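Next come two complexes, and both contain subunit A; in the first it sits with subunit B, in the second with subunit C.
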Partner chain A sequence: MSATVLPPSGAVASARLESFSYDDDIVRKFLWATFIWGLVGMLVGLWIALQLANPIFNTSLEWLSFGRLRPLHTNAVIFAFAGNAFFCGAYYSTQRLLKARMFSDFLSRFHFWGWQAIIVAAAITLPLGFTQAKEYAELEWPIDIAIAVVWVGFAINFVGTMLRRRERHLYVALWFYIASIVTVAILHIFNNLSMPAGLFKSYSIYAGVQDAFMQWWYGHNAVAFFLTTPFLGLMYYFMPKAADGPVFSYKLSILHFWSLVFLYIWAGPHHLHYTALPEWASTVGMLFSVMLWAPSWGGMINGLLTLRGAWHKVADDPILKFFVLAITAYGMSTFEGPLLSIKSVNSLAHYTDWIIAHVHTGALGWNGFLTFGMVYWLLPRLFQTPVYSKRLMELHFWIASFGILLYVVAIYSAGVTQGLMWRAFDATGRLAYPDFVETVVRLLPMYWLRVAGGSMYIIGMLLFGWNIFMTWRRRPATYVVPVITAPALEKRYVPEVVTTPRPVGVWARFAAAGWHRTWERMPITFTVLTVLAVVVASLFEILPTFLIKSNVPTIASVKPYTPLELAGRDMYIAEGCFNCHSQMIRPFRHETERFGEYSKPGESVYEHPFLWGSRRIGPDLARIGGKYPHLWHVRHFNEPTSITARSIMPAYPHFLTKTIDFEEIQSRVDAMAMLGVPYGDAVNRAPQMAREQATEIAAEIERQGGPSDLADKQIVAMVAYMQRLGMDIKAIPTTVGVRP
Partner chain B sequence: MADQTNESGGEGPRLLEHEYDGIREYDNPMPGWWLLTFAGTVIFSVIYLFNVGPVGNGKGRIADYEAEMATAAALQPATPSRPAAAALLAMASDEEAVEEGEEVYQSYCASCHGPDGGGLIGPNLADANWIHGGSPDSVYNTIAVGVLAKGMPPWEKSLTPKQMSEVTAYVLSLRGTSPTNPKPPEGEPYTP
Partner chain C sequence: MKLSDIMGHANLSMYAEVAMVIFLLVFVAVAVRLFLPSRQQDLRDAARLPLEDDASIAAVPRKD
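This part shows the complex of A and B:
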């Protein structure tokens, strides 16, 4: 604790002085992209919020229905808004923290333009229904490859800059950037492994339980390493800058960094409590989530306590206000996260709006406000002129804060209301709300409040944009590019001269963190250690999930989908039905009473990808097969309100007019067969088999009094799929726990 | 700790020597309550993992589910009581009961049997023919247990006994009405 090290003065004097400049042009580019995509993503958010409040907003255009737009919203706000914000802040701070220009101006531009092209591709393909059906990993395989390439370019640029640095040690912000960059690459690649079945169609190589596991290993860590660690890095740079004071505790940084990186990876299964995922995985996911509470709060403490002695500044500095609210929101959502991971709490919250409220506390508060504060701080520095209006900043802060409040309060109450309604039984042992739609219409007033809250947040965005625009307009004719001089690093590290005695005792020396200081001057070692932390933690869960056979007891009667059913399933995927319907009945009395026998792991063995879903805006569909006549489905898809007057489901009249591409089904079946699905004869004659089944179904629809021209229409594929769901298991004698 | 000085020379937090683009760090110790929280969650996790005492998975989610189902089954009568045929017939001519029944019918049945009972996906309920019998008990029974294989859902679990009787009464009251778009009769004629 008491060792004092003097700066290596001799080393500095002898070093060669170098001149260089920072690349701020790339930072400006990312700044504009942050604003533009943020606005777009949030407008799409508002649009889908309207669709839930009133289904007429689904319009009659199939490209604009909720199931297709929801992934567009999430991808746009996460990867376009938050992504560009991270890049913006990272390019600015990394250069300064390392006293070096980015390694390659070309790679910086490649990163920028490549990323924007990917976003545009997402904005086009998602409404067209090209999707892998995995949350936050919806984009199809060609785009996934592009993401991997661009990301690797970014990583090379970043590591190259570290290697050319003129600052010996890496500051904590950079640790977080490193962790984010390497982990996102790993997650992205392994979750997206898939078997192409056409240019814009692929099936996950994993199936059922394993696919679910991989998806949420990825999905949870997309939150962790795309929305949390990058923004912690940004916080560690911009917060002390804006507060003009030192960071609260270096030691806290060390402990909370490593514990976050190591623990986060395990937490994914908390998205799958009470599903067919093995219970041990669910338990591990829960416990690691509980243990994440303190490491997360370490970041909050370090952020907020950096303001110690400077709280008076918050009153008249809107930038600090944004930061304080952002960090507070971070603290709230990282407390709530562990809480939601506790199984009993999760049993109420899962599938409901509670999760949506949780997400948006984090997204609107933490990611949004940190971005706003950061951009306002950057504006005068990047555009070299004072910010256009501080009053507009204040106004933005207040209107957006109230917007968040309105949004989350309404949606929390919607979530709890619906969760309680689902599980309520009356005195006679009947479900108190057997009619699902009743639990939906109860939420509509809350959905309208969300529309109001979201609108306020978006008004804030417009003020933000106006301020950016007006500041930009006042920029100088040409930007001054300051020339920086700094000594190059010595080839070899010259140890700092220690003048005070080293701490005595093993613990004291360990606690003095000198070992960590050593790591901080070895960027490659540091990166490798981070990768190790992430990979080792991942393997602990992934290996057993894939290797233990008893995780997924086989059920002999479970057979692959017929070619026509597979075509229907592809439609279900393309329309994004899984965004509103789960196919995973949990072992609770209220669920089995409502939807039927709980889902078994063995039922999903051919599910490439799994379609368990994570929301229940509509009822579960795992056992919809055989529940209604074909004609019911035909009429329901054509116009849901003709069956259930108050339904908020979008209508799909195009199913009745668009024809099935029978020939294409062959490539789909072939891809599935390549993944090991036992398709037998279907690999040779899928189109023919599909036609036969389609004719039968069409005849039955006609017999029931329906239209007579449906044999080649998409609706029959969809009906085939619906009628198959949950049927296989009915073919076996009831197992333990199955009620007759 | 390496490289540290104390800015104010004595009291107050120690400021570490290093500096990155002007950013400095204090050498404050980690807050005690924070370390305790962290340790607490780790201890809790170990206890939970090994199912010590009341903390942990217990017997597991499937055993819990089976217990939940058993408790519920014990509380419910084995065979739900059915209303007498005479009572149903009486209700069919009780205007108030029929009105209540119509409300149930419009929300749950009209989508398949048509708003006026003329039949749509399901059969015509206003004619004299019945697939599953037209006596009040038979009609009640069909509605209660459904004909799943043919697309008629069971309603006993979702409707209250009162609603069940009322909707049956309403269906019985349809007899002899003339729906606008009737489906041809199915099943055997029934004369009360």
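This part shows the complex of A and C:
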């Protein structure tokens, strides 16, 4: 084995040996952050799960309402827990695979502290209601800029390390890391392009259908390039380590890498089946999602079969148990994903808890368990002492596994139950459950099971933390930092096989060209090619919706919101109402019966950002305008259960006491006007127009027997917005002319 | 002048099919290259990379 230090070529024999050491301190930092933020993110998840199970957990504190905390939960577990786990594993494995210390210790620390600062900023701003209203991209523009800067620092550090590497070949795990780093940068920048309207307020530059398309191109690829490819990279490094044997098939790893990169980028539109998105886009998304099944299972099979000949070890190695369950969960959720992307299946599953069950199989099983296995493997190596307790590891594995099972089975049942109840008709052809709340309260027992399952997972997390802490406590006084020697790479690569006779025939020439081998050895070229693949694929999927105007037919009667309605809409966004209420009625009879005329693409041309939603915990609001009198809304916001006894919606009594900042509305209108929304006169006198409309609405509320002092209160803006929703297309007949 | 107006006049709609064909060709080329007999030893070596980093540490002369 000692010969392996030297490259196989005689040409390099004269290369000088270099000494260096790995930076494991940064790996330890990310390890701690992974645990701490993971626990925080999961506790927030538990809290919002309780709020759904019983509305008594909707406290009177507006910062702790479901709509504001749900984005905090998703952001924390994705970007803080999984993100730090990826960085932890990537910093450990990259240095070793490249036989080089990270390019810059400063950039490593900048990445670490910058990322933690961003997480803290998210944890503060999201409960305060600062949000862009796009899922997993909620953070406002100043934080988005910080993310881009930190990410670029990470990328420079990573590429710099590759340039200084002492191992010619780039192992496949590194390909997965590179693809993740470049794609996340592209996704983040393009989905977050927005027009600021204040320090913590902005509007997406895209509107309606285009914004939806952009968002789910981002949203699905966040799953792909933040939760899938980085973790596959980790799997390709840590699984062979734990199993003590090479990966089952290196060829398969290359094949499924390229197919994942090519296919994933097109799959996003499956989040928008039967919405106002053009059908061709929806179909493309479905086809590519179904094709994704192959490379995803390629990865799963490759991971599991790495254990060939070593299965007996699984019984007594908890690390392998975590890996096996993680990879199995990956296989299950990537089987379910393509299934859910099929339009007919999606018509049942969309807007229900089935999607929540699906993502939790992936997040708790794949990302969570891979992280646990990896961290347990790293603990003795990073803290240079045996792991505190193997029995606790075993206990963690079993309790968390049962937690996942309980969570997923309960929420999957909840999803199917609600989906079937929505579409049920009785013998007379009317909706079997016309009252939306009936389809919600039926789920409450399942929501309690979720609380139980989630709690078990969190108990596992506490055992995990205890084990990390106790191992850390037994660390040596000073860590041994091994000095490693390896020969530097030659500046110019000299291929070792050069004496073969000149190839004859096309195939042989193709083979001798060695072009793919050359790519693999040229990290910059490789990175550029990956970027090209991702950018080109994205552009050709996204551009058509932007450039083909016929994709979004306009409707003459659709007009921009009035300044007051816009203020109400901003409140709707700040409270995170879109987390529970969709504004997109699909063209199914059960939906049009329940909510009204299906939504048209032309209705959302001024929707910066789009607010179609992805989950209906409450009813769709696309046609709520004019359905109830003003006073109904006032009473409902003040105390939802006074209108719907079994409602689980949080109360918003502060809408009735807080005043509207009328002057601020001008900057909001101006930002919208900058984006091309035809605001006309409102560009000059938005506050005045808002005051006039507020006075009218307050007077109407009073006429209906409501409170009399509401003309400057937030509730008036909210009522104005609610009453406007879905009204524009109904206005068509009145514009034709007055009948005699 | 909105973005969609600018894009609308660029007349790029057929590029999607072209891109798809290019991707397919690249993928086929990668796949074919992967199974060439001359590559096999390289790939076997590459697969062992994660297992070799400990070996390089072991090669360092230790005092003990």
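Going forward, the second predicted complex is superposed on the first by the 704 of 740 C-alpha atoms of A that agree within 3 Å, B and C clash if a C-alpha of one lies under 4 Å from a C-alpha of the other, contacts with A are read in each partner's own complex, and residues count from 1 in each chain.
Criterion: a contact is a pair of C-beta atoms (placed from the backbone, for glycine too) under 8 Å apart; a residue touches a chain by one contact, two chains touch by 3 or more.
What you see is a predicted model, and the numbers here were worked out from it, not measured in a lab.
Q: Once subunit A from each complex is brought into register, does subunit C clash with subunit B or fit beside it?
A: Clash: subunit B and subunit C overlap once superposed on subunit A.
Q: Please work out whether A:A556 is in contact with subunit B alone, subunit C alone, both, or neither, and reply first, second, both or neither.
A: Touch status of A:A556: no partner.
Q: Touch check for A:Y237: first (subunit B), second (subunit C), both, or neither?
A: both
Q: Name the chain, either subunit B or subunit C, that contacts more residues of subunit A.
A: Subunit A has more residues touched by B than by the other partner.
Q: Considering only touches as defined above, state whether A:V247 meets subunit B (first), subunit C (second), both or neither.
A: In the superposition, A:V247 touches subunit B and subunit C alike.
Q: Could you look at A:A315 and tell me whether it touches subunit B, subunit C, both or neither (first, second, both, neither)?
A: Neither partner.
Q: Applying the touch criterion given at the start, work out whether A:R96 contacts subunit B, subunit C, both or neither, answering first, second, both or neither.
A: A:R96 contacts both subunit B and subunit C.
Q: For A:W258, decide between first (touching subunit B), second (touching subunit C), both and neither.
A: After superposition on chain A, A:W258 lies in contact with subunit C alone.
Q: Have a look at where A:A477 lands relative to subunit B and subunit C in the superposition and call it first, second, both or neither.
A: The answer is neither, since A:A477 touches no partner chain.
Q: Is A:E167 touching the first partner subunit B, the second partner subunit C, both, or neither of them?
A: both
Q: State which residues of subunit A lie in both footprints, the one left by subunit B and the one left by subunit C.
A: 1, 4-5, 93, 96-97, 99, 167, 169, 171-172, 237, 240-241, 246-247, 250-251, 255, 259, 512, 517
Q: Touching residues of subunit B toward subunit A in the complex: what are they?
A: 1-5, 15-18, 20-31, 34-35, 37-38, 41-42, 44-45, 48-49, 57, 60-62, 64-66, 68-69, 72-73, 75-76, 107-108, 111-112, 120-121, 148-151, 153, 157-161, 183
Q: Which residues of subunit C touch subunit A once you look at their complex with the stated criterion?
A: Answer in residue numbers: 2-4, 7-8, 10, 12-13, 15-16, 19-20, 22-23, 26-27, 29-36, 38-39, 42-53, 55-60.
Q: Where on subunit A is subunit B touching in the complex?
A: 1, 3-7, 93, 96-97, 99, 167, 169, 171-172, 237, 240-241, 246-253, 255, 259, 274, 279, 283, 286-288, 290-291, 293-295, 297-298, 301, 305, 338, 343, 425-426, 428-431, 434-435, 496, 498, 512-514, 517, 587-589, 592-593, 598, 626-629, 631-632, 635, 642-645, 704-705, 736-737, 739
Q: Within their complex, state which residues of subunit A touch subunit C.
A: Where subunit A meets subunit C, its residues are 1-2, 4-5, 8, 93, 96-97, 99, 167, 169, 171-173, 210, 236-237, 240-241, 244-247, 250-251, 254-255, 258-259, 262, 482-486, 497, 510-512, 515-517, 533, 536-537, 540-541, 543-544, 546-549, 676.
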